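Labels for the chains are A, B and C, by order of writing; each one numbers its residues from 1.
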Amino acid sequence: MTTFAIAFDIGTSGIRAQVIEQQSQEIIATVITARHPIPGANVIDHLHFALEMGINSTQRILVQCINQIIKSFPIDHKQIMRMSVCGNPIQLSLFQGIEIRDLAFAGKQKQQALGISTVNREALITNAGQIKYLNLSDQCEVIIPPAVQHEIGADALAMIIQSNMLESKETTLITDYGTNAEMALLHNGCIYSGSTAAGPALEGQQINSGMLAAPGAITDILEEPPYYRLRVLDAEMNTVNGPLIEFNTNTVIDPHSEYPIRGITGTGTIAAIFQAMSKGLIHKAQINTPDNKLHLGSNITFNNHDFHEAGKAIGAIRAGHISLCNAAGISLSDISVAYMSGASGTYMDAHKAQQLGLIPTQIKKVYQIGNTSLAMAKDLLTDSSQLQQMTELATQLQENHCMFARSDVFKKVFMLELAYWTEGMPWSLYQNFLKKYQLPAIAEELSQAEIVQTVTRDINTLGSHGLTTLTNIGQKLDAHMNGCLACQSCTVECPEQAIKLSNTNGVATITLDQSLCNGIACKRCEQICSDQYFKLSQFFK
Amino acid sequence: MEKNHKNTSIFTRFDLTTEEEEQGARKVSSDPLLQKVGSCVIEGDDDQIEQAVTEALQNKSPLVVTNEGLIAGMTEVSRLWAEGSYFLPQVILSSDAMVVGIKLCEQKLGHPMDKKAKVITHTAEGDIHDIGQVIVNALLSANGFEVINLGFDVPVDQVVSACITHQPIMLTGTALMTTTMSAFPRIAEKLIQENIHIPFVCGGGAVTEEYVTSFDLGIWGKEASQAPGMAEDVLKGLSWLELRQKWNG
Amino acid sequence: MKLIDSMAYSSPEEMMFGFAKKPVTTKSGLVIGGGSVIPEITTHPRPGKEHDLATLSRELERANFDALQRCVSVGHPSIVIENEHVFQMTNNPEWGAEISSISCQMIADFKSKYGLNAAYRSTIADIRKPDLVNLRDSERTEKVIESFKLCAKTADIVSIESLGGKEVFDHCIIRNDITGLLFSQAVLGGRDMQWLWQQIVEIATENQCVPGGDTDCAQANTAMFMAGGFDGKDIPHTLAALTRAIGASRSLVAYECGALGPGKDCAYENPIIKAITGVPISTEGKTSACAHSDLCGNVIAAVCDLWSNEAVQYQNMFGGSSAAVFTEILGYDTAAMNSSIMLGFEKQYQACLINSDRYRDPQAFILCPDNAWSIGKAIVDNANSLYERGRAAAITCGELILADEQLMLTAIEKKSLLGYMQELNTLPDNEADFIDLCLHKYQKVKGFLPAAYGL
């Protein structure tokens, strides 16, 4: 009988999965979700949701979505013998339904106060019967990879292993350019790792027209002298031509776009900043155009606040790089090879990234690699020795793992970055401070780096059944709020139009489309309810 | 009509634009010893400052050295920062140098110097990201406030009892994660129970104006650099509600 | 090559000084046509200073420096500096390149030291004299192209005042021959520009340099100078007006090849160009009296984006060097225009500029924004061929002049104009026939080589 194995990458913006035939090890199909099922825009939101609504309901939401994905595979789920997952510790802990409070509260005092003892996040092979709500045969094996410390997890281990960077003799850096920018430096056989809370600006959030990569998102800005060409994602997530714009003002030279523009992604933000700085439009951390905005087409603007948010993210990543170098006793210029991973890393223009300091200036070679979490999960299905390799790597990383938040070097350098990006401190002064702090100067000349794009898109091989995107994930949940006046304020206020109200026989039923809900960070529905009858927890507890 | 007649599409006042670039720090004192102390603050030189202050203390009172050397130097730093010649890292170095100098003066005096008022700062329980707090501490010290620094990952109850013990005019809280900022409303509630109605300024990465203004005492600190200004307002007699009305939306 | 068949501006009321539909940003960061008028100073060496590169470059370096320093002295925020190549600068391409490089470095220094926004325009000399060489195939042609290649490396903008058709024009202007003028400007000039400008645009684009524009100076300005003032009797002002209108159909070719503006300062036809293309333009009027006289000193500023002095020889005046003095004057001119924009009085200010010269002379009359727009419309509505559109421009121009009773003409002027109109109306309708007619008629004009125009 043909048997199958399934691999899952539980990421920030959604779940990606593949099913392979065990005998041939061939990929049969790839399924991704358009969104993450848990309400919230990023992984900290998901964590917060779990804290407030309970681990149980959160696990249920996540696993039910996984079940939905399994159902969509073009195979009989009874033939699935093995499953693997990969992702950051928060997502994996939610999947397992285990303790997450140590992830929410990094401080040891609080952990002790809550009575949280050390949580076991070692590698685990269990069976589907042990994962609540999971709709697979009890005998199906479930492989869960290990985490390092609370902030670096299986996804970071996957990034390091899948890049093959450990085989290199050269000093190598790998970075995931996302909200929690995980990074690792290999030098003389030692690995130094860390993760900086860069913020979601590089994933399109906290930018006024920012969005995650989706159709309609501006992902790059190219020069067509003397104007600029916007590049935008179309319905198939290919990059196509957008309007030809002037940039300093809202003059649009050629409004024709191959796909309508809806917003800008993190990589688009990088391009905007790069082009603005190249054109001399940034002066003392302010955009120097007639209205202090950059114009991307007729209705998308990029203002000073956006520049500062993106700058802080870029600065955090560079500060992280410098901190890792400091731990290894080297300078940024000693790094020969850099890997860019994560969706942002795959689609970012490496030249622009180098100019802005997201990659060391003197780098010789840059590899842009695709989704490593899913690839790792898939490898775990076919080669169980990989689990041991991950565990060994996790142990190795613990030796030299840097907690940037507690690192003096990181804090000092990040303060310089803050001054550079938000106050307009001159670069010369930045370099003076590095000297004062006895840190190596940053080489100003840019090397002609060799850029290698190992994949053309995030997930390279889709399998014979190709890619399916599930948009209708998550459930519609009903609730009755005591005292509800059916005034509809909540339905109007919700920025994602996730709430509907129906009135049957004088009883108001509120329906929440949980996959659209922005979760704890939003809660505008609760705030707008005049007498605070609306409680989000009513849907989940 | 444009208010800034320095640099417009009509004319550019090149005299003014070049003035700010050419001007470095101004002298803070005509007395060479005090000028040296002031310079050490301006340059953020915490190595030299000990020697400079010690020398000055040999024939000047600690009060004079503090006011006409250290504080005068810090005032000049603030001026340079406000006009865009100085940047945050320099301000912090200067503040650190000044604090070293003040400690020496207090030693000579035999007791702590009078400060403007007490402010308690902390980073929320469960949170270890304290860069915002570091900036707030430095700026408040630089502006003559006594900073009681509770550190990071501070339990709610510890914050509250510190407020009871020290009776500060203001409390600040820093949090990077949305999960940890939930400590703030709990602190506010307990303070109110203890009949303490001081302004509680909250800031940091994920902290939003909406969240902080949803509980009494809460004032959103958009930027760490606002802390001294807010503290001065409290000294002037503004209540937490008035502070919120002034500084928040 | 496809000729433009639509207007960038849908009505003349939309047109205003300081604003272009397609603003241009130079590599030095200067925005032209983006909301304010910027002065353009053209400095020129004294006779005798062109003998060797060291002397010439020192001369222009001093002149250009004086211009930049005067901006700092009186507070002019932005400036474009232009050098029109003297013969030696193009004939020795490395000379023009060196001067461009020095000037651009000075601009960068002033930017870094004072924050002064400036750009440099290098205008290559068209040393291909048609009566001496084959325009398309000669050593001089190669030098012109080489000059563009070298200057574009550093200059922000490159331009040229091309000479195609001049040999026939000079022959016909003194003979009052409107047919020949139409042939020389619209057909010959247009064809030469098509050949030349595609190359210029390619070179400029490769170097992030802006391909600015051209001018019908060689023809229409010659007519304007010969027409002179009210005391001039050489050629009628109405003929000069017609050549101006035809000149627009010629200058337009540069933009059809990809030029982006700003158009050359001495292209008085630029208001027509702007109405059609939306590119920013440079114009000169009262403040170019140092170079020549004209009868449209104020109206020509009505829709300008750069305001120029044409050229001034580097010499000392009471108030400083001529470069400094004219920089100051131009800058105050633009400050007044920009103030009107800031205060919301630009329409009224524009109306004053127009009113000053509208009925002063037919040449000024047809360059008022409304008339310029109408001539532009006639050009784009007859986009079948260079000839047809040039002819339509001339006829529309004549009709506009005759239709407005407030524009008074002497008897001779009126009679001449009617004669030109009659001649224009009897010409063939299509270009092929017209070219046949002209090739036959002008085959003996000295220096005219049809093959040099691809005929």
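The rule is short, and it goes like this: a contact is a pair of C-beta atoms (placed from the backbone, for glycine too) under 8 Å apart; a residue touches a chain by one contact, two chains touch by 3 or more.
Just so it is clear, the structure is predicted and the values come from calculations on it, not from any experiment.
**Q** Comparing chain centres built from Cα atoms against the global Cα centre, which chain wins on proximity?
**A** A
**Q** In terms of C-beta pairs in contact, which two chains are most connected?
**A** So the chains sharing the most C-beta contacts are A-B.
**Q** Report, in whole Å, the distance between the mean C-alpha point of chain A and the mean C-alpha point of chain B.
**A** It comes to 35 Å between the two C-alpha centres.
**Q** As a quick test, compute the distance in whole Å between the mean CA positions of chain B and chain C.
**A** 61
**Q** At what distance in angstrom does the C-alpha mean of chain C lie from that of chain A?
**A** 55
**Q** Which positions in chain A are in touch with at least two other chains?
**A** none
**Q** Would you mind listing the residues of chain B that make contact with two or more other chains?
**A** Nothing qualifies.
**Q** Hey, what residues on chain C touch two or more of the other chains?
**A** Residues 35 of chain C touch two or more partner chains.
**Q** Which part of chain B faces chain A closely enough to touch in the complex?
**A** It is residues 84, 87-90, 92, 125-131, 134-135, 152-155, 176-180, 182, 205-206, 210, 214 of chain B that touch chain A.
**Q** Which residues, counting only chain A, touch chain B once they are in their complex?
**A** 44-45, 47-48, 51, 104-111, 113, 197, 199, 284, 403, 405-406, 411-412, 414-416, 418-419, 423-425, 429, 433, 520-521, 527
**Q** Which positions of chain C touch chain B when the two form their complex?
**A** Interface residues on chain C, with respect to chain B: 35-36, 72-77, 113-116, 335, 338-339, 341-343.
**Q** Within their complex, state which residues of chain A touch chain C.
**A** For this pair, the touching residues of chain A are 225-226, 246-249, 251, 253, 279-281, 290.
**Q** Please output the residues of chain C touching chain A within their complex, sorted ascending.
**A** So the residues of chain C in touch with chain A come to 21-26, 29, 31, 34-35, 205, 208, 210, 260.
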